[in-house]
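As written, the chain order gives the labels A, B, C, D and E, with residue 1 at the start of each chain.
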Amino acid sequence: EVRLRVFVGGSNQRPDLMRKLFDQYLADKPGLTIDIETGGATSDLQRQYLSTVLNARDNALDAFLIDIVNPAQYFQAGWLEPLDAHLGPADQLLAPYLAVYREANVVQGRVAALPAFADALFMYYRRDLLDKHGLPQPRTWEELGRVARQVQQAEGNPKLQGLSLQGAPVEGAVCTFLLPYWSQGKAVQDPQGRSVFDAAAAARGLQQWVTLMDQGVIKRNVAEVKTPDTVNEFKAGKVLFALNWSWAWDRFEQDADSQVRGKVGVMPLPAMTGGQSATCTGGWQWAVSAFSRHKAEAARLVQFLSTPEASRFLAVRGALLPTYAELYTHPEVVAQVPWFADAAAVVRHARSRPVSARYGEVSDALRSATNAVLARSRQPADAAADVESRLRRVMR
Amino acid sequence: MNQPPSKWQPSWRERLLDPSDRTLAVLLLAPAFALLALIVAYPILRLIWNSGFELRLSGGSVARFVGLQNYADLLQDREFWSALGNTLLITAITVPGALVVGMGLALLANLPFKRRWPVRLALLLPWALPLSFVGLIFAWFFHTDYGIVNDLLVRLGMKEPPMWLLDRGLGLAAICIAIIWKTSSFMALILLAGLQMIPRSLYEAAEVDGASRWQQFWQITVPMLMPSIVVALIFRTITALQTFDIPFTMTRGGPGHTTETLAMLIHKTTIDYLDVGYGSTQAVAMFLISLCVTAAYLRRIGKE
Amino acid sequence: MTGNSLDRWFESPALRRLAAALVVINGFFPALWVLLTSLKSEAELVQQPISYLPQNPSLANYARAFADQPLLSYLGNSFIVAGLATLGSLLVATGAAYAIARLNLRHRQLVLTAIVASSMFPLVTLLVPIFETMRVLGLLNTYTALVLPYVVLNLPVCTLVLVSFFQSIPRDLENAALIDGCTRIGALVKVVLPLAAPGLFTAGILAFVNAWDEFLLALSLNASAGMRTVPVGITLYQGEFAFPWPIISAALVVAIVPVAVLIALFQERVVGGLTQGGLKG
Amino acid sequence: MAAIELRQVRKSYDGRVPIIHGIDLEVRQGEFVVFVGPSGCGKSTLLRMIAGLETISGGEILIDGEVVNERPPRARDIAMVFQDYALYPHKTLFENMAFGLRLRKTPEAEVQRRVGEVAALLRIEHMLQRKPRELSGGQRQRVAIGRAIVRQPKVFLFDEPLSNLDAQLRNEMRAEIKRLHQRLGATIVYVTHDQTEAMTLADRICVLQGGHKMQFDTPEAVYNRPAAQFVAGFTGAPPMNLLRCTVQDGQAELGQGVRLALPANLRGHSGTQVLGVRPENLTLEPRPDADLQLQGRLSLIEPLGAETLLTVQVGEHELVARVGADFHGQSGQALTLHLASAQLHLFDANDGRALRSA
Amino acid sequence: MAAIELRQVRKSYDGRVPIIHGIDLEVRQGEFVVFVGPSGCGKSTLLRMIAGLETISGGEILIDGEVVNERPPRARDIAMVFQDYALYPHKTLFENMAFGLRLRKTPEAEVQRRVGEVAALLRIEHMLQRKPRELSGGQRQRVAIGRAIVRQPKVFLFDEPLSNLDAQLRNEMRAEIKRLHQRLGATIVYVTHDQTEAMTLADRICVLQGGHKMQFDTPEAVYNRPAAQFVAGFTGAPPMNLLRCTVQDGQAELGQGVRLALPANLRGHSGTQVLGVRPENLTLEPRPDADLQLQGRLSLIEPLGAETLLTVQVGEHELVARVGADFHGQSGQALTLHLASAQLHLFDANDGRALRSA
């Protein structure tokens, strides 16, 4: 008689689908039951909850979903059971997954978690408008600015935002910071996890956003834009280009009040001039609590939940991005979610946010710098310098 | 008829039901103090204990006793001082602000209206609205594009209405407005209770003595309300020093960290950074500050 | 009789109505806004200029609010938790307040200060240790886990209200009961408490509202679906990628209504209770 | 010229039944007028209308010859002493008394002087720096009076100023107020329901009942020639014995065969009336003027030290007689009460009017 | 056997100066004893110690022959009536009265019967279902008394039960209590600072001052033979005139050449003493027993209706005389006061003891 409690966060982790997966798993396992626990809809609240529970070394949770940025942090806090202990060595275990997930989930050579489903920042755009005005997909942010202004002028609609991205001090702003930085070929850390932060590149990246703001491409109050705001505005037809997660696709195409149904395209992210396109991964991982009383059972469950079959199930039933490269072209998946074909390239080029035991501090440094610059309360160079010194302290 | 036994020999049951005053006091206070010990004292001791350690969970570090090092670090911590500054600023604005607004509301609500319940309900409603949602609602009100405030400003002819939450000054102003709105309600409640206890004859005496309304307000109402005001101020100040939900939902401390409060910083350090030792240190510091402020009030009351 | 130096400033009915309007608008506006939002569609919220009245008012959001989350169960939990917390607060605070007000304690001021000072620690910082305590006691995801801290949360204000209330009850009433044949406890239960009813009532409402609104502890200590309270439940309508204001507003309206009704019904008593006891330092 | 004049003054609280039914009254310069009457009769209301604390529903109030209906209290140049003193609890005694002067921007030296004088007059100089709560009831009352005096207003209004004091203190303060009046020569309107206060203090007493003026006359007249049964029953301690009787042919038939001959000036009425006789007018010994007698039985003896109250059952009536302290007797014994027909009062049983020579 | 006995009873509130300094007292079965004394003298404290509401710091209290020091109030079989009535505001009158019986598990029928009887006795039967706030002061007082009576306790304790009532009502209720006592034959200890109550109600009066028993005797003795200057000054309204004098050779020298010859029983003392004479013993007309005279000047006239109080300046002293209502005179006139040497009192100027034949 084993009873597992699994934490599935909020609705974006689709507890409904997870329940179905659990039931599949339980079909041939009498004596095992699984309870789902949800709590906190945003990753903030989930982090808050998990921190509290794990901090108290509570054994109430056996397995849980964690954001891609957390495995390192949680593992080093001693909260995660290394899965290789139960399921075999790390390289073997993680080999089939997309590279970013492979990297994110191995901490100090141990398997901290297994990928559940993928996600990445996508560049959504109004295909109809670009087509109407005969404009190409922009390759660089500069170009994007030009295209956007042309459309704005042609449409005679100054309220039409050229680009919507996340400037509020939420996790999304970390990606907003990293996109132009990465596209200059820069990294935040070396393979040993030490900071190799390039403040000048960061400043240039931030400056790019400021320039776009000055041009009226990004709206002036972008510093209060959170992830759902971009979705809502794009959905309402007020945005030309929008950076958002895969999840937004459904909202654009399926929401009853969407003004942009059938008019949306996904394209590779623009780069800094002279750089190359880069985007940010997201996605969720299954981890087993170090305080669980049923680690072995939980580990086996987690293994099941991260199989290609499970991933396919989530892709087909929930349009959740697979963590296996081959699934993007799997006929069943393509039939159900055709746009995954476009998505594959994006996901494959996506990069992971810095992996650090002190990710909380890293994230805070990046997001607050972004926010401060976009709110025009700090110069890009100063903000970049702040980040540099902060990262040097944190990522030793 | 009711002859008591010739010798007074209470049964054990009677003794049990009739403890001495001292025993009874202990019995009655016991639950309160047991709970305080469990929910407050023990956690506080834990915090104080933790504050002596380097205890960074995500650093993978085992707890290492560092004595007062955390406190020394705290004194060097720019973020801490900035958060403390914001907290004190918010306190300094919202406490008197809520007092003034609350006083106004209380005075108005104390007028002999024919139908009093809408006024009373309006007075109490802000108090009953959950704090975290007040933040959300006011963030919405102050939203650059979709907020009511800017909508009104635009309707009044402003071309580029301000971006309230994207500026330290305006952001703090918006936060303070939300806090004042929310907290003036309870303030008004206490003051209203106080107002109703001022005997009418004092106003009549002042009236006969020749005091104008304004003079009556300052010479009678305010001094007579002093006890209520002090109680309200103590409660308000303690909660103001703990300000968390409203700035957290309204600005998240942005832009940058410029509107971050102490409680937000502590929350961030403990929950996001998993830096339990240092977070505890910040919490203890905050407790000491609350204590000082309250002690100052209590001293003042003592002098009265 | 009570007085108010404003009485005569506001002698004119017009001015008086204006004053009332001011208070009413100030108090109701945000709640009203939530109500209006709950009748709008999501698209309506990102319109510029903003629309004040819903263009196509509909109750669909309410239907969604109840369909998307077990709102009724959240309400039930909130009622149970807030109700038990209220009872508990009253019980504990009554004991403490009576001891402070009536039994000749040697360090009454100190005891009272200790109780009031307990509210000086920000809850945010105590969260983890409290969670740990509850875990050790095996109380996580039980009503008790929330009730206990809520009782503590309410202790300062309830105790203050009740102390001044007990002090306002003539001692001779208790003496009369003693002479009539009561024990000390008998006198407390049979005479003092019934007389302190308005104070208990006031303290009870304060406690209820506080408990009803609490979020952080409720989120952390009772996260399991069956035990969630309304404020926690409401946050579940939002997601990382969505903030459905209209549905959340609908849920918020549902959450506010019980408290608002409570206050509307008993507002005289809330104020009156504080008055009679005279909330003093 | 009258210091205060009331002309057909009426009062009703917003639209409800009237409380004061058209009262005419003149208070002369320097006069001490006392309003007495049972609780709820409208004494305070009337006083507060004079003060300007209540609006006037009808009629006119004049102070010093000027209609003041529309003037706020502060423009009426009056001072008032309240039943519960209404001292400002947060001000020192000095500031309590100085408040009115300060509001009038009196120079500081003058304030000091006047407060000092009044404090000396009231013997509270040594506690001017205390707060009201540190005072006994009598001291508080003095301060309240001091606050009124210090402003030297045209008119003083007192609303039951002594009713919160104990008996002893009440006596002292009463004498004090009397002396003050003699000394200041001020115009005073004083409300009380204590008739000893009324009798000893008043130049004239105004007896009110249910918002009507029942009698307005000197204490002596009110006591000895009550204009109504109500007034008679209200004055004297113990009050006048009032006996329902049937009057016929100049004889009052008290039931059970007890009869009294009425004096000439009370004859000429007939039917059911109320006969009144004061306890001190009933004696046990015959006296020259006592031309009537009543036989009774002693039912209660209350020795008061200086005198003794006897309750005597006469027919179906109980009469109280006030006799000397030297009375010795016992409950149940038979007695003869002597009384003078000249000291009898007769009232209409219906409207209570005093009946005199028809 | 004494109903109540106090043996060297002492009280001090935790460690502070003593309030009651060793009082011995016996209250006989069925006796009505009144404690009088100025405010703060310890009357209430003493009564509450008998009730068991205050701890006893020293000595013993016996009820019905048993030491009850350690017994809680409910085991003493007493009933108490409080100054502010202390009715349970949340209970009906019936339940107020029945409360004590119910606590003793009296059968319901018995409760009904006894409450009914007492209500009838006090004439409050028709309002048994009301709550106390719906009653007037006098009615409340009756209920408070009823609540005490209904339990038929050994001893009744009253703490200033009438002091919150107005004069008229006080008189009525006083008579009522007197009648009740006669009817129930109960043992009563009654606290008041109103001497009329003390005089009329008491079988014996215990005069207290500063926690000391000054005199414990019948009203007549307390009034006519006060054991101390304090007692003399406390009884009578107005109280006894007390004049500081120098006694020598059987003569009291009152200053400014005013002298009075002392009667035989007061001779033999000399030095500074205090001479006492009651206002009613000073007359304007000569009378057979009035062997002494004082010349004075009238300074204040207070007509009370039934009598008049005169304040007369004699030498450096002010004396109050109580004369008939028929007095006519005016302030400032010269007067001769007649008094009897047998009605003089003499007190030691130092300790206030009454001085009689040495």
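Quick note on the criterion: a residue touches a chain if its C-beta (ideal position, glycine included) is under 8 Å from a C-beta of that chain, and two chains touch if they have at least 3 such contacts.
Bear in mind that the values here come from a model prediction, so they are computed numbers and not experimental data.
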Please name the chain that ends up farthest from subunit E once chain centres are defined by their CA atoms averaged.
A
Most contact pairs found between chains B-C
Would you kindly tell me how far, in whole Å, the mean C-alpha position of subunit D lies from that of subunit B?
55
So how far apart, in whole Å, are subunit D and subunit E when each is placed at the average of its C-alpha atoms?
26
Subunit A to subunit D, mean C-alpha position gap in Å, rounds to 91
From the mean C-alpha coordinate of subunit A to that of subunit B, what's the distance rounded to whole Å?
38
In subunit B, residues with contacts to at least two other chains:
18, 145, 199, 201-202, 204, 220, 270, 276
Residues of subunit D that touch two or more other chains sit at none
In subunit A, the residues touching two or more other chains are 48, 52, 55
Help me check something: in the complex, which residues belonging to subunit B touch subunit D?
199, 201-202, 204-212, 215, 219-220, 223-224, 226
List the residues on subunit A that touch subunit C in their complex, please.
10-12, 35-43, 45, 48-49, 52-53, 55-58, 60, 159, 226-229, 231-233, 235-236, 238, 244-245, 247-248, 251, 257, 259
For subunit B, which residues are in contact with subunit A within the complex?
56-60, 143-145, 163, 165-168, 252-258, 268, 270-274, 276
Over in the complex, which subunit B residues touch subunit C? Could you list them?
14, 17-19, 21-22, 24-25, 27-33, 35-36, 38-40, 42-44, 46-47, 105, 107-113, 116-134, 136-138, 140-141, 145-148, 151, 154-155, 181, 185, 189-190, 192-204, 213, 216-217, 220-221, 227-228, 230-231, 234-235, 238, 241-242, 244-245, 263, 266-267, 270, 276, 279-280, 282-283, 286-287, 290-291, 294, 298, 301
Subunit B partner, complex, touching residues on subunit C are 1-10, 16, 19-20, 22-28, 30-31, 33-34, 45-50, 91-93, 95-96, 98-99, 103-105, 111, 113-130, 132-133, 148-149, 151-152, 155-157, 159-160, 183-186, 209, 212-213, 215, 231, 234, 245, 248, 252, 255-256, 259-260, 263-264, 267-268, 270-271, 274-275, 278-281
